[in-house]
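Two complexes, one shared chain (subunit A), two partners (subunit B, subunit C).
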Partner chain A sequence: MTALLSIQQLSLRFAGRQILNQLDLNLRAGEVVSVLGSNGAGKSTLLKSILVLQDAAEQTGSILIAGIAIAQARNQALSHLAYVPEQPAVYGHLSAIENIRYFLSLGAISQSMDIATCLTMAGLPEQSWHRPCSEYSKGMKQKVMLAFALAKQAKLLLLDEPNSGLDPQATEELNQLIVQCKERGMGVLVVTHDVLSAIAFSDRLLMLTNGQLQPVALNESAITLDSLKRLYQGQV
Partner chain B sequence: MNSLIWKIAINEWRRLWYARVPALLLLVLVALWTIAALAAHHHWQDHANTVAEVTARSQHDWQSQPDRHPHRVSHYGDFVAKPVHPLSVIEPGILDQSGHLVYLEAHRLNSANFNPATEATSLGRFPLITPAMIVQWWMPLFLIMIAYATVTADKNSGILAFMRGNGTPGWAIASGKWLALFLPLFFLLCLQTLLILACSWQSEQALLRLSILALSQVLYIAGWCLLVVAVSWFSKQLHGALLTLLLCWVCICIIFPRGLANLAQISYPTQPRTEAEYHAETKLQAIGDSHNPNDPHFAAFKESVLKKYHVSSVEDLPVNYQGILMQEGERLTTAVYREQQVLHDAQLAKQNESIRHWLWLTPALALQYIQMASAGNDLPHHQAFIRQAEDRRYKLIQYLNQVHTFKVIQRDDKNTRVSADFWKKAPRPPVHLSPMAISRSSILAGFLVLLGWIFIPGCLLFKVSHRL
Partner chain C sequence: MKHELTLLLKQRSIIILLLLSLFLTGFSLYNGWQNINHINAQINQAKQEEILRKQDFLEHHSHHGTLDAGELGYYLFHNVYHSPGEWSFIALGNRLVIPYVQRIRLLGLQGQLYDGESHHPEYVMLGTFDYAFLLVFFAPLLCIALMHDLKASEQQAQRLLFLRSLMAEPKLFWGNRVLSRWLLVALTFVLPLLLLAATQTLSFSPLIRILAITALYTFFWSVLCAAISLRKRALNANFNAMLLASIWVMLCVVLPNLSQLWLHHHYPLQDGSQIALQHRQWVHGAWDLPKEDTLTPFYALYQQWKDSPPVTERFHWKWYYAFQHMADVKLESQVSAREQALNQRNQATGLLARFLPTVWVQRNLEDIAQSDVPDLLAQRQRITRFHTQLRLYLYPYLFEEKPFTTDAYMRLPVFED
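What follows is the complex of A and B.
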């Protein structure tokens, strides 16, 4: 099966420091891959490199999204993915529906799903759809972002710390949503610190250390604070 | 225009409207502009009425003079009013400092001409609120307060990364944000232009003057909008964006214009009026005293007159010697005062030249130069008016001296009365507003600076819009 996301020999230097070092990654449709790593390891930078939001002069390697080289046809490649940053990026003065409609209108999207259907799938209560997003909780805003990804009919979903700042209930709902995305055939790349959630929804776990991705095998029942410390120190 | 840009601009308007405070600030700006326009219009109307009234009264009084001695007429004096363009409502320039009425009298070029007219190019006029000042100072300040967060807020909330990561080009975001800021202000400027056009379309060079004024204001505000978006884009924190923009405003609108004007005045000082008068009087005393029979200059002059008429004494002259003496005296005093005037004008020109060299530091001053030139209230227009007034004074006084020479009986000089018809026929050519071309160097320098003002923040924005 053709990889939805194919990264080969990706290197990035930033402020004189090697953040990514000849990194390789393949992600298929219907697969969820979580990238773990300590603070400053370069997890968010990896996502920004995929989106070419970093200074291109410092970046080498090849990135293909749905077989399209992003360096050559950025807009075409980006039309196949949806990116959700760590902070829920919604305009407070717009409602959920207006936000999704606005952001869809800005992208190079040939066709989109019905917004109401997507919001229902994302689990946002219908009575809040027309309220300004400034009145939403962080969990509700995350749902709006995921509803946008569904509406965009993206093949690939990039999530940056999706559970950050969410309570257990909201985290659980979000995890289920990621699983739903996977079941719909989307490829999902998640950058996270939340190891338990990552174990719950991921097919593969990767640890970003020294600019490279290393596979890790974790069992939820065997996780202890010490084992996590060792994992983050690269001793596993 | 690209629909992406429109969508971003429309969303930005909705955001500003939702935030209430920016909308309120815009409302305050419009109110301020309205007050300024009404006050300036009232001020201008008052001024125009005074000019019309004084001119009519002066004309009437002049024409009503009875038969009298011509020398009394030459000291009776004549008022001349500076022609004021209706665009003075927008930009009174140096009008309030230089004055608009000149009293023309024999023997002396009006010493008010030695006023330091460049005072108006600095902050001397800060307390005034005129529509030009609103555009020059207040509009950029309100723009900063309204829009410093336009991109920084999106950056901090992750929206910028989200938009860029989902395929919205940086240039479209930058252009949309710029358009959202520029269009309302452009609309206000267009409204102002149309209002002024309606009031002034029949005046001299109305279209040309108004077009240049409007274009300069549009460029200036477009540049500020570019700068605000660019600074907001590269600032990481909201307070950083606000402080950077306020610093730019303080430098461009206050420190540099004040500093340049002060530097020019220090480098090329003009004499105060009393000092200029003192120097003129000293020079006149050095030339001679017509009341002193032993004065060498006037003794030689007397000899040359007697020789010209082939007579041996003043009493034998077929013309009035006092009249000839008046002509010579007027020629000499005028030459001395004009010499002083040339020195004074040269210093002012050097001051202006010095400011023009550093004009690139402050587009606010560049705009002011163009606005003042468009309204006919800058230094070159003022100097041209003074030259016209002085020319009129000299011709009138010499005409009266000639009447004195040829129509006043020498032996009964003091009791002779000359027909009032002579005053009615006296040359009193009208004073015209000089064409705009007289300020071409200021206008060209101003536009060059304004084009740079668009170009530099434009390039900066283009560069920063490629990064997060």
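What follows is the complex of A and C.
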């Protein structure tokens, strides 16, 4: 099966420091991959590289999204992708529907799903659809962002710290949404510090250390603070 | 563009700002319109009064169907008007600091032209709140308020990266952002103007020019704001706002005033009151001169009356009007130098307008409103022509000492504005 996201030999230097070093990653449709890593390990840089927001001169290697090289056809490649940043990027003075409509207008999106259907799938209560997003909780805003990804009919979903700042119930709801996306055949790449959630929804866990991704095997029941510390220090 | 407009018009602060701009534009047009209405009313009233005054003069000064031409020249005032044009309300310019109704007699013209308040101190100090003023000074501030943080606001809301990931064409995205804001700014100026033009059925061609000036000027400021707020590291909204405010101060206040100072220094202009004073001194001096010292050079100019009977009395009107006119003749070079300096200043301002958009707007709007320097000079020419017409009409009665009949009185020249 062709990988939805294929990264080969990706290297990136920034301010004289090697951030990514011949990094390889393949992510298939219907697969959730979580990338863990300490602060400054290069997780956000990896996302920026996939989003083609890095200075190309400092970057080598190749990135393909749905078989399309981003270096050659950025817009075509990114049309298959939806990115959900750590801070939900909604406009507070617009409603959920208006936000999604606006975001859809920005990209060259030929076909999109019905917004109401997507909001229902994302679990946003119908009575809040037309209210300004400034009245939403962070969890609700995240749902709007996921509804946008659904509306865009993205094949690949990039999530940057999706559970940051969410209470346990909202975290649980979001985790379920990620699983639903996976079941719909989407490929999901999650960058997170929330190890427990990552274990809950991921097919694979990868640790970004020294600019490379290393697979890690974790068992939810065996996790302790010490084991996490060792994991982040690269001793696992 | 449609989505950008929705994004903008859903913000309460933007709506308030745009409504304020609409209100101010409406008020500036109303204020200009009221001023012009006032001027027109004053002119109409003065025209009615002049008719009554002339009837009254005839009743009191006619004896057996004749009048004394000398007395008439001295006591009868003739109105000259500086009537506003159809579009004068958009830029009142010089219109409020020069008289729109003036009373002229057969005396020396230069003594009368500058006799009075040459500047209304209140208007000179405050300026006038008209469309030109609002467009020049307020439109840039509106552009700055709406466009100083194009990129910075998105960065501050941590949305920039997400938006960049969505943009198919970043230039198109930011272009739409700028254009939608420019469109709204321009509309707040244009809509009240269109409404007024439609309700008052004003002529089309000046309207198109004003719309084009408004669109170009607001577009210039939009591009300037975009250049500052979309540059690579434009992520500090406060810095952008301060930079743009500094540019506003330079372009709207400092540079035009410095240029004005330079123009005044480079093309010095004799004050009108100095000319009026000098005229008075010449006239006063003439009373003590032998009459021939006045009449000989006068007859050299007007040879058709050189055979006029000599003045033997202590006073004769023809001698009086001759020295009044000779004072004008003596001042001709100064008057001409003054007009030349005004023309030079005007030409230099034209050059300046190529580099200073604020001056370009003001100049073009004053041109449409007929309240610029060429219009001021043209008004002087019209008054001079009327005064000459009046002199040449009355001189034969004075120098040929013909009786001035009531028929001749009825045919007295009238100022055509």
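Following the convention adopted for this analysis, the second predicted complex is superposed on the first by the 236 of 236 C-alpha atoms of A that agree within 3 Å, B and C clash if a C-alpha of one lies under 4 Å from a C-alpha of the other, contacts with A are read in each partner's own complex, and residues count from 1 in each chain.
Quick note on the criterion: a residue touches a chain if its C-beta (ideal position, glycine included) is under 8 Å from a C-beta of that chain, and two chains touch if they have at least 3 such contacts.
Everything numeric here is computed off the predicted structure, so don't read it as measured data.
After superposition onto subunit A, the partners subunit B and subunit C occupy overlapping space and clash.
In the superposition on chain A, contact is made by A:Y91 with both subunit B and subunit C.
Of the two partner chains placed around the shared chain by superposition, subunit C is the only one that A:R101 touches, whereas subunit B remains out of contact.
Of the two partner chains, neither subunit B nor subunit C is touched by A:L159. Judged by the touch definition given at the top, the superposed model places A:L51 against both subunit B and subunit C. More residues of subunit A are touched by B (comparison of subunit B with subunit C).
Among the listed stretches 59-67, 347-355, 383-391 or 401-409 of subunit C, only 347-355 clashes with subunit B once the two complexes are superposed.
In the superposition on chain A, subunit A positions 48, 51, 53, 75, 78, 81, 83-87, 89, 91, 93-94, 102-103, 105-108 are in contact with subunit B in one complex as well as with subunit C in the other. Looking at the complex, you find that subunit A touches subunit B at residues 47-48, 51, 53, 55, 74-75, 78-79, 81-94, 102-103, 105-108, 132, 145, 152, 158.
Only residues 2-3, 6-7, 10-12, 157-159, 161-168, 173 of subunit C touch subunit A when the two sit together in their complex. Contact residues on subunit B toward subunit A in their complex (touch as defined above): 4, 7-8, 11, 14-15, 17-19, 157-159, 161-169, 172, 467-468. Residues 48, 51, 53, 75, 78, 81, 83-87, 89, 91, 93-94, 98, 101-103, 105-108 of subunit A are the ones touching subunit C in the complex.
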